[in-house]
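Several structures are given next for inspection.
Look at the two complexes coming up: subunit A is in both, with subunit B in one and subunit C in the other.
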Partner chain A sequence: MSSSGLGQLKVVTTLPDLESIAKLIGGGQVDVFSIATGFQNPHFVDPKPSYILKLSRADVFVTVGLDLEIGWVPPLLNSARNSRILKGGEGYIDASVNVPLLQVPTSASRAQGDIHIYGNPHYWLDPMNGKIIAGNILEMFVRLDPDHRSIYESNLKKFDETLDAKIKVWTAQMLPFKGTKIIAYHNEWPYFEQRFGLQIVDFLEPKPGIPPTPSQLLKVINEMKRDQIKIIIVSPYFTTESADLVARNTGGKVVTLATSVAADEQIKTYFDLFDYNISQLLQALR
Partner chain B sequence: MSEMFSHSFVVNALTVSAILGLLLSYLGVHVVGRGIVFVDLALGQISMLGVAFANFIGREQTVISIIFTMVGAFLMSFIKVKDKRLKHEAIIGIVYAVASAGTVLLISKSPHGESDISEVLFGSVFTVTTAQITSLAAVFGIIGVIHIIFRKKFFALTEQFENRQIEHMRIFDLWNFLFYLTVGLSIVFAVRLAGVIPVFSYLIVPPVAAILLSRSTKAVVWTSMIISVLGGFFGIYFSLHFDFPAGSSVVTILGAIFVLVALIKFARFKSVPVVNDNQAEEHSHVTE
Partner chain C sequence: MKLFRIISILFFVLCLVGSDAIAQTDSTAVADSLLLRQLQRSMQQAPSLIQPQLAPRAALSMNPDVSAIGDFRSSYTSLGKRKIETYLNELEFQVASVVDPYARAEFLFSFGKDLNTGELGIELEVATLTSLSLPYQLQLTLGKFKPVFGKVNILHPHYFSFIDFPKVINNYFDSEGMFMEGASVSWLVPNPYDFYQELTFEVGRVGSEPNASLVPGEDNQLLYVGHLKNFFDLSQNSTLEIGFSGLNGPNRLGFSTSVGGIDLTYKWKPLRYNVLKSFTWQSELLFADMRLSDMEIVRTYGGFSLVEYQFERRWFLGARYDFSGFPEDGSRKEQAASLLLRFQPTEFQILALEYQYTNRNYDRNFSQVVLRAIFGIGTHAAHKY
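Now for the complex of A and B:
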């Protein structure tokens, strides 16, 4: 069934961000498919038959891990019956390995509503972590396809260099706004926030996964007025009604940031993801 | 087409659809006959309320949601509307609304929010496990056997509701309770595997189409079951061919079958205006 060319590694990723990185590292040696699209909430994906078919033929499966995809990846893997890509199998990559995790809960905070027991899973939104993800993917490609080791390694080198250069530019652009307080809809920005020196003071969701309540919106409105906060960041898959309401009441601005590659047609690669988000933020901050 | 069956997930999906379709389309004949089509959504919502409650107190979901459904079925068996201005559906609608609201209230105070609830809503026949199929077959098998053995009791009861001859019925009627209990349990198990809307469609669409096509109760039951199996089979085929989610595909195909049946009925009605007394009566109403 290798219609895509002989000897290519067949790679399936959960998110388009992992797809983009796998393509940049694998180049022409790999055939990559992402299950989720860029504008989909990665916590929920409705299974389609093609996902199971792709998984049943895959050599490599890359997942964000940390229970982000807990609702849909285990059932899909179970249906695909491909032992290579099961957890612990030779083709299974948990991209979060070696990533310094944020918001790893203590038992006390778990009762407070921390849904992610391993830490916040949105780590790919720090470009530095992109390098770690790329390293994990490289290790797997080299192990499964040692003949093309040099190609993979030079691709990784190119990826790291490009990313390093871009991170310098992005952080320099964001430097004047260091410490700016902002509001977010959902708790998916801690890695981004830390890298680019922003300070998220509150969320529109009273708890992760629970739609905004009136008392929470009122609390946020008061915080925004008190601390002169001007920006509310939302993701493409949440409705902006509550954010718009808060913005109207505070004179703030709603900025939709991309949480994944392909969330907007301009965002074709992992690099574009940050180019896009930084430019959106700069526009709003200026 | 034969290539489609080489994948175990497709075989599993077809098996589950057939099991779900056969029992639900049969139960649906009662549900439609009694005029309680929203019983599915109401009992489904009560089971969801159970899941939310289990999360709220931090206990295991399955047992609590089954207990909630049983209590819900028990309470619903008391619904006997004798006032001609009201329908059973109205009371069931109230149950649905209040159970939904209760679920939202509980979720908003639960430590883990929506994350656990969503698993229950997002069933797909493509991702069922062999163990799930076995337990589904066992539960549905037992319910099916109960309904086969006591079919006369259940159909007599449904007829009473159909004709609104419920004045002399006891406040607590064991058979009425048993009916709601079997419907409730089927829904709890079915929704987890196939999702809310497909289950609702299996319960309603085949019986309605069957009633359009057949007259005797026996014929309605058989036609309904045949339609459900065809709908499941072609729904999954449609889903595989165009790469759509399974649930919505089955619902769409069932809808298409219904439209086809309605057209056949219409054509027959036109060509042979007086088929039987019922239709003659309908016909005279139309021409008046």
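Now for the complex of A and C:
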């Protein structure tokens, strides 16, 4: 059944969020490895040959999809010599299937910066979408390892129940701040923003993937002063120089939120990711 | 009379079609109105950010990835009558796609100008079929390709950090390295230490253009290339690659040339800020035995060592030292020192300025300054590490 012959499914994921969900669904029946780390920019991961070794032995490959990993997954898969995990193969999971996408462009040009033609790919930052991802992973595990269906289904039930309970807590905690205007460094928070009722009004990047320019920072400073905006959120892989500059000029606060599991030592699971981010935001908002 | 009959029939048909259309319009209008109300309701309920979904999320067409990359250069050379050149060095046009579940294909055409004749030429540089699912960790490539000899020869010029290839590649093969037509088989070697080890064996003929060491040959003597790649993750942030290469093939004098090579690449890139800082140290050493006659073999060697440091998100500084013999003439030698400044606003555009001083024992020394602009459009397949 598994390529290892040891009964465990060998799973390789692109991001640690998918790794965490796969572990929670697969339990002891799966051996999961994530290529990217939690504090790494998922757009730019080096396709090191050592990852090819992992992929060559994998039964399952889970990708965020929507071209988020287009710069590094194709050269890895093309060299992995493993047809099971190629697109269309029996072990290939595009975790974005069935996720209601945001910001699907009606036209696309690189003049707009690094836009994603299938929609914003940072969908795992809405915990409700975590349930869809888990469902996609479950479907694959059951198909490849039907003998352990009951374990996988029971784990999914537990995952969904925990997530539902936590979502209630998180949304209740964020409720008093519904509609709060904030600034973000990069356009990677629309799913989080929508789920928790925030309103991201501008970005430090003038266009996705284009580093902040003085004119953009000035524009943001004016917006923050005019609209009394107090929070700038950045991701762990961006330096805070630009955000600090804007904060100094507006009296705002820079909050580094985790975009993935393992971005901070405290974030060990997909649940911890939101516990951490909500707690960071609440500290800044209060 | 006949005309009147035709007009009557046409009128009758039009009336039938018209009445049907009117009836249809009535029922369609009702359905449209219901649909409109449904849409309005769902739009009121839906969060404002949600966009219509495109399904499926895989490629929406069967078109291959198509890209074009321009390589424009301006240069000043301290020697010669015509010191200033400004030219489009190359336009690279690439088409690549999966063929079926078992293989992928890549075609690469190069449109370039011959600086000596001024003529524009087209060359098919790469045309390959590569397997995706052979058993036993094997991968097979057929067609025309750059053989896996060292680290630089396999690159296309736009992907090499410096503007020109190292002198040893230029002197032993060609300014863009060596091409071959044939078959390449690579194998991921299982090993007890579980590090990445890949063994490649290639056989065929030198691509259409002969080079300084090798020619396609007129008899049954073929070109054989072998490479062993060893890759180690030293830490999360650093890697080391050591490779051994060897080749044997026919030369222009009807005998054979053998070349051996060692390559070493160290890369450092902090995971957290992987787009902001990086450092690369790369060196290659090549040894050549070129048989000129039954009695005479010329033994030469050459190599290079380069460093490149990324000091800002878009800025890179590099330095390179070259030393090289000439495979056919053991007495000639040259050395070069190069400095590079590269600005890379996005992945699709590179501006580079390189200064090079070349010292030769058979001719006058010279300096050269080259400015290069690389610009790409379309979907270009991502490069290997």
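Convention: the second predicted complex is superposed on the first by the 274 of 286 C-alpha atoms of A that agree within 3 Å, B and C clash if a C-alpha of one lies under 4 Å from a C-alpha of the other, contacts with A are read in each partner's own complex, and residues count from 1 in each chain.
We adopt the following convention: contacts are C-beta pairs under 8 Å (C-beta built on N, C-alpha and C of every residue); 3 or more make two chains touch, one makes a residue touch a chain.
Predicted model, so just to flag it, every value in this text is computed and none were measured.
With subunit A as the common reference, subunit B cannot sit beside subunit C without a clash.
After overlaying the two complexes on the shared chain, residue contacts for A:71 are found with subunit B and with subunit C alike. Once chain A of one complex is fitted onto chain A of the other, the partner contacts of A:94 are limited to subunit C, with no touch recorded for subunit B. In the superposition on chain A, contact of A:44 is made with both subunit B and subunit C.
Contacts of A:52 after superposition on the shared chain: both subunit B and subunit C are touched. In the superposition on chain A, A:208 makes contact with subunit B only, while subunit C stays out of contact range. In the superposed pair of complexes, A:79 makes contact with subunit B and with subunit C alike. Counting residues of subunit A touched by each partner, subunit B versus subunit C, the larger count belongs to C. Look at A:179: by the touch rule set out above, it reaches neither subunit B nor subunit C. Once both structures are laid onto chain A, the subunit C stretch out of 182-190, 218-226 or 290-298 that overlaps subunit B is 182-190. On subunit A, the patch touched by subunit B and the patch touched by subunit C overlap at residues 44, 46-50, 52-53, 56, 71-72, 75, 78-79, 81, 110, 209-210.
Residue ranges on subunit C touching subunit A, taken from their complex, read 47, 49-54, 56-58, 98, 101-102, 104, 130-134, 137-139, 188, 194-196, 198, 229, 231, 233, 236, 239, 241, 267, 269, 271-276, 313-314, 346-348, 377, 381-385. On the subunit A side of its complex with subunit C, the touching residues are 37, 39-41, 44-50, 52-53, 56, 65-66, 70-72, 74-75, 78-79, 81-83, 86-89, 94, 96-97, 100-104, 110, 118-119, 190, 194, 209-211, 236-237, 239. By the touch rule above, subunit A contacts subunit B in their complex via residues 43-44, 46-50, 52-53, 56, 71-72, 75-76, 78-81, 110-113, 115, 206-210, 213. Remark: subunit B residues 7-10, 12, 107-108, 111-115, 118-119, 122, 124, 126-129, 239-240, 243-246 touch subunit A in the complex.
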